[in-house]
Amino acid sequence: MRNNNRKNDEMREVKVTKNYIIHPEGSVLIEFGNTKVICNATIEEKIPRWLKMDNSSKGIHSGWIAAEYSMLPRATNTRVQRESIKGKISGRTMEIQRLIGRSLRAVIDLEKLGDRTIMVDCDVIQADGGTRTASITGAYLAVELAIEKLIDENKLKEIPIKSKVAAISVGKVRNEIILDLDYEEDSAADVDMNIIMTDKGEFVEIQGTGEEATFTQNELLKFIELSKNAFNKLFTL
Amino acid sequence: MRNNNRKNDEMREVKVTKNYIIHPEGSVLIEFGNTKVICNATIEEKIPRWLKMDNSSKGIHSGWIAAEYSMLPRATNTRVQRESIKGKISGRTMEIQRLIGRSLRAVIDLEKLGDRTIMVDCDVIQADGGTRTASITGAYLAVELAIEKLIDENKLKEIPIKSKVAAISVGKVRNEIILDLDYEEDSAADVDMNIIMTDKGEFVEIQGTGEEATFTQNELLKFIELSKNAFNKLFTL
Amino acid sequence: MRNNNRKNDEMREVKVTKNYIIHPEGSVLIEFGNTKVICNATIEEKIPRWLKMDNSSKGIHSGWIAAEYSMLPRATNTRVQRESIKGKISGRTMEIQRLIGRSLRAVIDLEKLGDRTIMVDCDVIQADGGTRTASITGAYLAVELAIEKLIDENKLKEIPIKSKVAAISVGKVRNEIILDLDYEEDSAADVDMNIIMTDKGEFVEIQGTGEEATFTQNELLKFIELSKNAFNKLFTL
Amino acid sequence: MRNNNRKNDEMREVKVTKNYIIHPEGSVLIEFGNTKVICNATIEEKIPRWLKMDNSSKGIHSGWIAAEYSMLPRATNTRVQRESIKGKISGRTMEIQRLIGRSLRAVIDLEKLGDRTIMVDCDVIQADGGTRTASITGAYLAVELAIEKLIDENKLKEIPIKSKVAAISVGKVRNEIILDLDYEEDSAADVDMNIIMTDKGEFVEIQGTGEEATFTQNELLKFIELSKNAFNKLFTL
Amino acid sequence: MRNNNRKNDEMREVKVTKNYIIHPEGSVLIEFGNTKVICNATIEEKIPRWLKMDNSSKGIHSGWIAAEYSMLPRATNTRVQRESIKGKISGRTMEIQRLIGRSLRAVIDLEKLGDRTIMVDCDVIQADGGTRTASITGAYLAVELAIEKLIDENKLKEIPIKSKVAAISVGKVRNEIILDLDYEEDSAADVDMNIIMTDKGEFVEIQGTGEEATFTQNELLKFIELSKNAFNKLFTL
Amino acid sequence: MRNNNRKNDEMREVKVTKNYIIHPEGSVLIEFGNTKVICNATIEEKIPRWLKMDNSSKGIHSGWIAAEYSMLPRATNTRVQRESIKGKISGRTMEIQRLIGRSLRAVIDLEKLGDRTIMVDCDVIQADGGTRTASITGAYLAVELAIEKLIDENKLKEIPIKSKVAAISVGKVRNEIILDLDYEEDSAADVDMNIIMTDKGEFVEIQGTGEEATFTQNELLKFIELSKNAFNKLFTL
């Protein structure tokens, strides 16, 4: 039996608090059960140097979206040393923030965004599994708010959003295929898959990993099937 | 006139939410107006190596208390680069976390704490001036909760707290001596002073700085006088 | 038309030179067309500290397998600055070496490996797309050689290999679904997928990414279908 | 009794050797007893980038003064690892060099300095307590020499110095209030205070710290009183 | 007796594979016995900033040549940690790459090279002593190829090469003076000398080091004599 | 004509101030003209971990000697950024400190030194060419003092010094072969050679470098000849 009597195909409660922090152009506190992530979107009226060169070689004015991800040291059950103290970003952090950035760029028309960058900070203040899927889902909502602000202030004429995007985890734990794994389930999982999908039902990214285990094509299809329950709910947020 | 019609000797509203994060041994969200800091205290049943050597040379079993301080990139009005990305801690961060640690060690009997370390993480999620005074005040409250837990679990026989401690800022802005500066006032201040005091009315630390300016002994005494209003309120929390 | 008249479902020529470098316990030069990777497996008769603690809490003697990945500065068409000079590993490098490590751990029985670590170094001396799939495939072969050596030297009684593993890329480029992308194709791809599979036809990992694009479930199934051609060939190596 | 029969309100002998090093624009060897610091002031005809932006937004031409502080590894009784080897500056070093910089900026009119930076290097070649107060006092003298040179070379029309500045430590050791602590006294101090004052008798900075101890307002006033003896002497240098 | 019955004045077999890697402007695999180094020369149509300033102060258009050196982790008998993981370059690596750069700059007319940089990467894929002498010799050959390409493409009118350059090691091992030390000999050497010479018989650099030992002027002359055998062969390559 | 009417074969005035700093076991201020270096030798009653393992495999008790080298930022005519701020040691610094260490180890019997390390810090407080030769010469004298102290304190029975060591530079500047180059000469030199010799007339190290130039065997012999004048004087110190 899952914690709180959850069924295998049941998500944890999802809560969204918009405009959680007062300074950012877009800010959201997103909660997937006990997992809580502050997602802040910052608009910068400039683009990275490499993109400027790339744009000018193509004669276009494309913008950029990137993300950074971090956890407070006591977001987790035991304290984790700060990456600022270690002086470097872990591989896990890098993977997650690259994933968040790609997911957002897949659904935003960067040319319509123009010569500006949206930087999204996902800071996990409390973790209980699914921090990357909560981050992607919250990051999208923060970007939506920031873009609304650009529209309101007449800095953008046209909404550059091609689709909404959200993310959910599925996995195989003790031979059960389950949705939205909490920390305890994630630690015991043989297979762990993150699915990132648009509101049009198309994949943005799919990452399935056997943890010292493998999975069949049949299982892959079941994972995908299960995730669809979640996306129906997530896109009504 | 100050924001929100505050009088010169008036603090901003202070709010404390205990047990804000579920994992730490002590956790507090403290708010001084719009300044919001999550203070998490972690108990570690070990002490730093240098202390172990120092203790054994003295034949004692002293514990340790230290703090780390950080701000989310968008805690402020414009985004600040993460220290984990820069790969090093700024001088400002170091100064603040050393100050928090010293303030706590001044009021906790480290020998009574025994062979354990309390590490307090102060993470500013929203900043509007006074983040270091809010952090010290919140850090103390988080430590109190963590020590209560040690007592409850029978790991400590005796409360090792010698006094309560809290902190407040005072300053000279446009020739007015004012209490508890917000960000806008802090930026305009000629003199900026942080006073850290126990509930017995003794100083733990006093730091007064002229910002391209100086101050007289008479002004010093006024700063101290003004702070007493604040401490009366802070120690009733 | 693809370079060298390749068909959409055709791999590049794969060459394997065993015992390429004389010092390592297992060494392979693997070539996928113009992509050339030196894969060296090192046996260390010790395990990481975190694993030692983890093992002792579980009462087992599990070993470990990890990988490091790097490219020579001129493996690519324009020179890339060394990560040793930059003083840090890029996110891309981290992702790839974590992926190689997970792929190997999925097919090796770590308990049977005993108290030892296999560290695999994948150094790309010439790159033309598919460096991560060539690295995984070559790394597995280097590990196989190193394990043979352990068996020959009577340090291991039983072969700890559960299955063989190999990897291949598939993608969508200019609306064609193609196998084993070279650099030029990879740069133009809308969807890029890496499939890592055992010789028993099970997935170890599947990673599909829309590059500022999305993909349907139907396309996902076509990607997987196409990859099966490759695995038949790769496992006869 | 204090070392060398010093009285509680007695400073150690202070020696100043001007033009100690031949290359800098201003150079001083300052000695507070056995504490010896080389203070070198460098004039750079440029200002930091952030100041340039700040100046241009305000339409002014303000200069800048900053300081760096370091100790030779054997300035102390046991060898301390170089910060260049550790690859990072300690919190203590940061605090001290920020303090020296603030102290100098409080007494120099930065607008009169114009578009130039004075960088002061304080290198402790031998330490016996009071390295920060000796550094501030010596740094001011080195800046004075460098400014004289600017005046002599007609690069500056008007002396931009508003007051002289010097610093002294006071403290409470074994219940005695004493002036100018040496290393042995500093290590035993319950309260340690650094006072930085102008020749007009105004405070530039005051920092009092209880080391696992506290102090009363009455003691604070005694500390200040005691320091006045020192400033009378220091400003006759 | 030396390995493979080598005589004291006998070099190991030297092999050169030109155009070993397809991307660089000049590429060579050089082998001194079991020592194998990939030397890749990259032409960059720009010069370092410090040289630009230096050139403009002198009114000239001088180019630059520099080198980087690295070893694969298993180039050696036991695995060496990557410098990218350690986050810094070792003193040994620095010394070698500075030496390679100086050797090349001594024989190339930098003014004739014009506003461009040649960066040579020497990556040791297998090591058995003499990696620095093989690197210098191979680096020169890679530069020669890159310069030929500049001439062929009409980017350079005149060959800027003043002489050829090559390098060889000599040493004193168990009281024998020997040429071209392999790893085993190098480890046992009392004196180790690297001689870098042009095809005109002039020294570019000479570095002789007693390893916890010393050497006489007479021995110095014998070392030099012995090296001449090697240079005759190396310059016929 | 050379500065101060020096002849080509004339050294600058050499001054040695013993026991310059009070804390180290051996301390010397050495001056070669305007070049001034503080050399402090520290005795540590422990050896590096790698040596401990090496010793135990050989069944011996060998000690260790190493050196660190640094320059104050304004030791030179223009200010150089601190390596502690840059966060890394330059190649030049590494080369010099490795050279000093090797020179000392060549003349001290490390087995007689026993299980201890001598760490020598060479800090250049004023530079005018020849900082590495002054450092080696001063470092040796500081080590001598530290060893005397070990003998005096009965920690060592036998003096472990095999010979004295000193160093001098020679070079070719504007076609003149000259001794002990100052900064201005060093900058103009075509060939620069550092010779490190024992008082028995044997070489410890010889490093000759053509700076975008070469030198003949005949010139090499003249360099060596010229250096002998210097060593006669240096060993009478």
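Each chain gets a letter, A, B, C, D, E and F, in the order it is written, and its residues are counted from 1.
Following the convention adopted for this analysis, a contact is a pair of C-beta atoms (placed from the backbone, for glycine too) under 8 Å apart; a residue touches a chain by one contact, two chains touch by 3 or more.
Bear in mind the structure is a predicted one, so any value in this text is a computation, not a measurement.
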Given chain D and chain E, the chains that contact each of them: F
Chain D and chain A - chains in contact with each: B
Farthest-lying chain, centroid of Cα atoms versus that of chain B: E
Most remote chain, CA-based centroid, reference being chain F: A
Computed distance of Cα centres, chain F from chain E, in Å: 27
Separation of chain B from chain E, taking each centre as the mean of its C-alpha atoms, in whole Å: 58
Shared-contact residues (touching 2 or more other chains) in chain F: 87-89
Order of the ring members, counted from chain D so that chain F is second: D, F, E, C, A, B
Of chain D, residues touching chain B in the complex: 88-91, 94-95, 97-98, 102, 105-107, 110, 163, 198, 200-217, 220, 224
For the chain C and chain E complex, residues of the former touching the latter: 21-24, 27, 34, 38, 40, 42, 44, 68, 70, 72-77, 79, 82-89, 119, 121, 123, 125-126
